[in-house]
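Structure first, then comments.
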């Protein structure tokens, strides 16, 4: 604990994902006082065809 | 808000997914009075080998 | 399958939740051809202090 | 998008939760280039009796 | 890793939850070869009014 | 109900996944008294580049 799940559209680089894991871990540890080695970060990438807002998908607007 | 996640076995067409996002958004907006543009729908497709009921997987029954 | 999880801020009435379960089940069944008796709907209510957009929580703006 | 879910044991103060939402939003926006107003943060608090590691629950060790 | 989330209707005793965490940890560790101290189990209890199958909620049938 | 989601790093064999579904179903049914045919198990595999503990990813340590 804590376990942080980041759902985001696919397309970020491996460097961005590495920085995301590091920066989110710091943010959670520093605000909740959970030791950094207890913080788990999970990235869930999404296909634009599997995501919609207001009833529409980004993949239908390109 | 609201955020709707639909977990289902892989295999539906892109048209089915488009209709699913639109119809679920309408259903949620009309029953909860959340504005349509605030409703997010996420589709999570599952491999039949990663899903089981009563201890068995559909992929083991074909 | 399918399993539908609806995350929304707390505050809806029991009638709204009943209608939400029924209407979302119809929307998913009719667009994916999954039999209605295979569709599970789960409602997860959220406390406004546990939710934020753009770094701010609705509970901090009242 | 992105949607960030933070699961953690109950017990943090409201101030900690406000800072957590703000700092996690910054961390995600700055590393993924997603605009801050597109970042959603959800906090899910857990009862120690509903959480275990290595087969044991913290609530059984006090 | 692995992280196991068990969603179930509220109502089980604390003893049942303790046994659930222990037995699920054993089952996951023994079949995936993940060390037991790396296995996290999370229980998410659900209110019968927040759950439905085939468009109906158990709470509406009592 | 219950619905069990097992998040784990990719790489297990199909046999391991079959045993995991069967053994987790038994563990949940026997401790919660939920009938086996009501227990759903979902496996979510993760890419090592999408997972981190203490701010670091296993994929960055190889």
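In order of appearance the chains are A, B, C, D, E and F, and numbering begins at 1 in each one.
Criterion: a residue touches a chain if its C-beta (ideal position, glycine included) is under 8 Å from a C-beta of that chain, and two chains touch if they have at least 3 such contacts.
Note that this is a predicted model, so its numbers are computed, not measured.
Any chain bridging chain D and chain E, meaning touching each of them, is among A, C; the list is complete.
For A-B, the equivalent interface among the listed pairs E-F, B-D or D-E is D-E, as over half of the contact pairs agree by residue number. Taking each chain's centre as the mean of its CA atoms, D is the chain most distant from chain B. Annotation, chain D versus chain F: rotation angle of 180 degrees from the Cα superposition, expressed as a multiple of 5. Note on interfaces A-F and B-D: more C-beta pairs are in contact across A-F. When chain centres are defined as mean Cα coordinates, A lies farthest from chain E. At the interface between chain E and chain F, over half of the residue numbers appear on both sides, which makes the contact a same-residue one. A separation of 12 Å divides the Cα centre of chain B from that of chain C.
Averaged C-alpha coordinates put the centre of chain C at 20 Å from the centre of chain D. Those residues of chain A in touch with two or more other chains are numbered 3, 7, 26, 40, 42, 46, 51.
This structure has the following touching chain pairs: A-B, A-D, A-E, A-F, B-C, B-D, B-F, C-D, C-E, C-F, D-E, E-F. Against chain D, the residues of chain B that register as touching in their complex are 3, 40, 42. Interface residues of chain D, counted against chain A in their complex, comprise 1-9, 12, 16, 19-20, 23-24, 26-28, 30-34, 46, 51.
Every residue of chain C that touches chain D in the complex is listed here, in rising order: 7, 46, 49-57, 60. Chain F meets chain B in the complex at residues 14, 17-18, 21-22, 25-26, 36-45.
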